[in-house]
């Protein structure tokens, strides 16, 4: 058992009685009361509760609740079963999760490894709590580093002519490995609508610009040509509109006239790394709720 | 009726049914359920709820709840009366507030007006919701600008020899004007323990350094001499330990070798302005809870 | 003589022997040597020199030199005369300026006063060294504050039907008041190519978005609809392509899902204020060199 | 030859005619003229020149000049020889460097590897131009990663009882490997005055606080206890006053009441990584001039 597995096991043990409930529904009085009474009925203690109402009258209610519940493991299925009534009464979209049940991720990348390396680094140092089940790339470059950490690496050539075949193989692997989240860590291929539909709000991309500026290809070159004084990166869920999905996180850094397009790329790499890592962490902690092409981040 | 009074009246009207409940108590299961059942009993709809537990087991529970309640005005005193039972049951420190009941502030300053001007500006543009009831200064410089906005201005000379007399007069005015919050907007006098005790966690100061660096006098000169690359400002509640009170907000800006002590002061003024304005806004919105010389900011 | 005039006079006195030389020319060896020998010939001591070469081979050379020269006033015209030889030898675009000769500015605005107020505030506190010669607005709102500072205020109605007449009057005033720089401090009218041509790289605008995102109207509404996590503002020289002129400075602030379009406007106002003030200061200090729709900032 | 060696060789080739001159001396007219005439005499073209005068009258002059000079290799020793006259005439401290002559570094660390990993990562991706000649640690943990990159790793136990012996061995290695710069990448041992004296302004440390706040041990715990809203890291040259050496760079991140001391450490690691990497890069590019316990950064 290596250090990372050991850390994940410690995390599982420490969080064996911690659960989360994430809810979105039409707003009305009584939601918090119903949910908190429900939790109290199971002797659960609320640890962290965030709530937000969009347009309180006739609007939408969002909440994320983290709670500690003695013997959560043995109660979990009963809790889910019983919560259905509340869910129906308030027309909720809801998700119950068991924090010790660590999410499984697949990382996709092309030839630039900086985002992969950041994720691996945060993962090894215990800052990113996930089970990195496999890495898929259309380049061989990262095989060595990935395999050295005992993570399976799959080389799947991809380009627009063989997109269907590539995605077929990728989807098989995602199913085989029971993947919860796909992370596009600078994967430079466009995904088909079928692929995206198979994983709704479960594919996170990092785009190398401060969206919606510089949508599409070669954003750093275009930022250089425009003479901007700040460059950025944007992490978002993938939808079928290129670079138009719900934004999770953005970051920027200052640049100046001395920086050429190549310098912008270097500075940008550091922004991309940290923005993607933050977005992934928030998703893994169930902090992101998608609503009409935007995100609520708790 | 001038533009600012008009804005405040609009705010009162828009928020006539909005209330807030801010609570701190020993943590245990059932707090959220009790409070939300209570609110539901009055047909109140929760708009925004933030909650935090410090050390869930045997620790402290904090929450801030904003709610809409039909006919709040007529129900308010009954609500407060009835909430006492819950408050006692859970050993709560709690505060119920009626959002349309705008807080009254007094601004203290010496000769540098930048923080006063920022507050007045935000207040005139409707971004700072408070009733600025009076301004007190140990210099006459700001009288004209203050009086031009129909705010009473009191010149009260102050220095360490006449501190007691000055504070006596100040406290009389604070009582006369029914002041909820004192803002020290670069007021360069030390307050006596008696003055501080009269307004616990109700005096906000702006210190012109990134505390705890450069506690005390002449922080910009000392920052310059140390050759720091970032300078800052800190807004905190005043306690009897100089510059040691609970920190509400901090901000920083980058400086470089070309900036002399005078430049640091100029750059610092802009940090001080925005940091103080943010801290004051958070206090006015009941977003700050003090706990053991620290703050929880919701 | 009011406090601001007094401050400007002190500045003039302190800088009576300080000059600046700003140069752009094809790069080649010997430029710094020629210029520094020239300055030495007048006993001038270089205080601050910044230099940058874009594509050293066959590229462009930029420099900004600040120097102290005894009896600058009496030598200035001879210096300019003599520098022509060097200018011609190296095909330079160059500008010699006498720092004590303070630049004259005109501020244009529509109804939102926050950028005007910031500029006035920085000007009064001695942080913005310029002679604000007049304010022109297509709204009457700001007359009182402007005239209270003894600055002439001109109300010139403007809209697309009367653009030509309005601009004719504006240009007459700019000539009458010998204006060096026009500051569009949220002036919500489009300028004609003739107006822009009359003041090349001498009109600074503040656009209320992080350009090139949200070019054109209603940027905050569009930022809100896109669900961005950072909003920005951009200060640039005005050219005939809307919001496409050379960028001088940009700034951003973090926003979140709780902020509606109105909140973004409030947060944005504070970014606009500081970004415009920085851009104007850099222009006034001759720190900005325009090159092919970009800026070099020294 | 691995990818990193290949990149360094490309860098050497690309910069074979690029030189740098860094100068500090008492200010007086004529310095720039003399130096630029000197460079012109060798057909050198100035690519980047930064200059700064501290207190122009009777003060100190600083400059950093990067130039391209045909056949630099064959002219270098003659240039250095000849520059001595100018150096003496103006009482200069000066350093001439040949950019293709890449600096050799030694990285010291204890058990936390994050700063080491960042440096290795930037080095592998070509963003940090140095020859990492060896890594020295008082823990064995990082041996594998270091040796996998073909960098010699030396385990030298160290604590206050065996400080002298440990430093003796370290100094022998620094000499053997001809080290230009020592990087303390979270090396948790205090150095003796003898060690520091052997490498004046050639040891860069990263301190895990925003100095001068939290000098000494356990800064994150102390930051947590003080309830600060921003935490930072500081990179500085090591002197014999603990954490009091000339500051090269600082960085900060926002924290909040939810972050415990452990969270501050995690957030801090990311600040430390980037602050140290920037400071090291600036040193390697000869951008840092030390003057009276402060730095000028060009």
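Going in written order, the chains are labelled A, B, C and D, and every chain counts its residues from 1.
Note that in this section a residue touches a chain if its C-beta (ideal position, glycine included) is under 8 Å from a C-beta of that chain, and two chains touch if they have at least 3 such contacts.
Predicted model, so just to flag it, every value in this text is computed and none were measured.
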Exercise. Work out the mean Cα position per chain and let me know which chain is farthest from chain B.
Key: D
Quiz prompt | Of B-C and A-C, pair with higher C-beta contact tally | solution = A-C
Quiz prompt | chain B-chain C separation of Cα centroids, rounded to whole Å | solution = 37
Self-check item: Between chain C and chain A, distance of the C-alpha-averaged centres to the nearest whole Å
Solution: 43
Quiz item: Of all the residues in chain C, which ones touch at least 2 other chains?
Solution: 48, 52, 258
Quiz item: Can you list the residues on chain C that touch chain D in the complex?
Solution: 27-33, 36-37, 39-40, 43-53, 56, 63, 68
Exercise. Would you pull the chain D residues touching chain B in the complex into a rising list?
Key: 52, 210-214, 226-230, 232, 246-252, 256-258, 293-297
Quiz item: What residues of chain A sit close enough to touch chain D in their complex?
Solution: 48, 114, 117, 121, 125, 127, 148, 258, 266, 269-270, 274
